[in-house]
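Labels for the chains are A, B and C, by order of writing; each one numbers its residues from 1.
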Amino acid sequence: MQGILNVISLDVAPFILSFKLAGVTTVILFVLSLPLAWYLSQSSSKTKPVLEAVTALPIVLPPSVLGFYILVVLSPNSAVGAFFEDLFGVKLVFSFTGLVVASCFYSLPFMVQPLQSGFESLNKHMLEASYLAGKSKLQTVFKVALPNIKPSLITALIITFAHTVGEFGVVLMVGGSIPGETKVASVAIYEMVEVMEYGTAHIYSAFMVLISFIVLLSVYIFNHSQRKIGVL
Amino acid sequence: MIQIDIHKRLHGAHGDMDLDVSLEIQKGEFIALMGESGSGKTTLLRVLAGLENAEGDISVEDVLWLGDQKTLPPQQREIGFIFQDYALFEHMNVEENLLFVNQDRSLAQRLLEMTELSRLSQRNVKGLSGGQKQRVSLCRAMMKQPKLLLMDEPLSALDPAMRTKLQDEILKLHKTFGITTIMVSHDTDASYQLADRIWVLDHGKIIADGRPEEILVKSTKEVYTLCK
Amino acid sequence: MRQVNMKKIVLGLVLSLATLSAGEIKIAVAANVSYAIEPLKKAFNVLYPKTNIEVILGSSGKLTAQIKNGAPYELFMSANMKYPEVLYKEGIAVTRPVVYAQGALAYVSVKAQDFTQGLRLLTEGKIKKIAIANPKTAPYGVAAVEALKNAKMYDAVKEKFVYGESISQTVTYAMTAADIGFIAKSSLFSPQMAHFKEGIHWSDVDETLYTPINQGMVILKKAEGRPEVKAFYDFMLSAKAQEILKNFGYEVE
């Protein structure tokens, strides 16, 4: 009985925050990554390896390093942070906005790389046929390129979303664990464990696993059905 | 009339080579471009389409496509291009592939009828055979109502029966619309049947330019010697 | 207040010296002691050069959770008495908790502030973010909340809190993005903080505002009576260690 009561009085704020953060980050990253991924796929310039290495950095860097640098560079005591706060009134640390910025850095390669890969695997002649049909590069990206990389697109969106839901080290550094604003599920669960409230930690964790599994399952089922139709 | 005077340095598998072509084409001519692999045929086509850069001049009916000051992008050249691998838009059906170029439904229907593709118009292009894909590609190129039609070995991936059929359709379309055409081909038969004029490209330079009867002698031996 | 029996200490030290073999000991240390632990280790090694001390730092709450789940620590220096007492009650700690130091709370800012107004400073508009250690896991966070409540400032400023997972993360926040932070006074005596001046960058929190932070120490079951561990335990209670702790702002006997 007590267990059920506990569930009912469960504080859902951390979950909502986690999924909200993941959703917002995924959308923003998609908009930002699309031009970058396209450029990398079409370019053969000498600076390309440099750009690719920089894009891939967040995969390799420990989240605490990333979090630390973001904390220092975006803090209101630094030039960048002060600029944003004075001009736009936007706080880049200890706020949801700050988490979004941090998450965009953290998950960047997970959006860029599948998209870039997808674009690179496209038949170049098909893209040229689009140009010859009078379509600009922008129109070609949206009308020809993207529709033909649906699996890569879905992968990019889902992996970015999932990666952001699981984000911990960066959020811990940059968020300040403020309930309702930066205390995402991963941090809340960590805290439960730290104070030995194992019961609640189990409930939170199970919930996260369940939701994440359902999301991923739906996506893979969708992917599979599209393949059957022959659209993918 | 189309005037071509271009120069481009090519880096090939067998070393560097200069592509130097200076020619005139009369409106409505059908030209077969022949020569060894690696002689620069595809590159010439791509330069004309604006898909690759070159130095020099290209003017098409008094419109400058390539010159000292400007290079017209492929989007603005009135070109139809048929790729060797068809390059259809795989997420669309036959009709949509045509309408992507030009929304003119009646023109699309007419072209599909002429190439006997009408009953396939709603079929997704991924499920089509090679011959059918090439015909779609042909129609799609024609939708542009181009000033210049470029074909890069349109028949080479087809079996002999299909090859003959497509040849006939190319001929039919050319007779109906009269579009200036350059076709790259290894197929001497097709070249003889379709072309008003044959250019032979060797190491980037035109070494022969004349009527099919002049260039392609009926003797099998000489044909093979010239166009191996 | 703890009992000091000099005779016992001296006897213990002598015996330990006699039976000591070269060894390594693992000690779990609350984050606030991280600044003093190096000098403490050095002083210990002067007496026992062959004993290697491996220090595991963390918030007291996290360390306790780890210990309860079988972490291989042999000694625990907490930031409060509660956690060691829990461990003693459950038989995981084999000695009754003793106070090895009394922690002091201070508040610090990278920018010069007017500390003459005391905690009232926190209500000013220019103080937008206040870093405190998470009161759920860090005793210094508990003390900070208690002090603010007693000063009747808590409700006015609680919207400005950002929570550090441990007192050391709180220091990081105070040094980077927060406007001011409640930290362990001991951190101010580390060399990196030497340029912060009392009265300009930091001030003590009035000690009448919070319950004294008695920091407790226990030997853990995993030590299995190893003499090196006992040696370090006794050392921490000796005059030499107490002197070092005093230099780091702790209150000692």
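As a working rule, a contact is a pair of C-beta atoms (placed from the backbone, for glycine too) under 8 Å apart; a residue touches a chain by one contact, two chains touch by 3 or more.
Note that the structure is predicted; figures quoted are calculated from it, not measured.
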Quiz item: Whose Cα centre is nearest the centre of all Cα atoms in view?
Solution: A
Exercise. Could you work out which chain's C-alpha centre is the most distant one from the centre of chain B?
Key: C
Exercise. Take the average of all CA coordinates in chain A, do the same for chain B, and state the distance between these two points in whole angstrom.
Key: 46
Quiz item: When the C-alpha atoms of chain B and chain C are each averaged to a single point, how far apart are the two points in Å?
Solution: 81
Quiz item: Distance-wise, how many Å sit between the C-alpha centres of chain A and chain C, to the nearest whole number?
Solution: 38
Quiz prompt | Multi-partner residues of chain A (at least 2 other chains) | solution = none
Exercise. Quick one: which bits of chain C touch chain A in the complex? Just the residue numbers, please.
Key: 59, 61-62, 64-65, 68, 110-111, 128-129, 131, 134, 136-137, 161-165, 169, 172-173, 176-179
Quiz item: Touching chain B in the complex: which residues of chain A?
Solution: 123, 125-126, 128-136, 143-144, 147-148, 230-231
Self-check item: chain A residues within the chain C interface of the complex
Solution: 68, 71-72, 74-77, 81, 91, 93-94, 172-173, 175-178, 190-191, 193-196
Quiz item: What does chain B use to touch chain A in their complex?
Solution: 49, 51, 73-77, 79-81, 83, 85, 87-91, 100-101, 124, 126-127, 140, 144
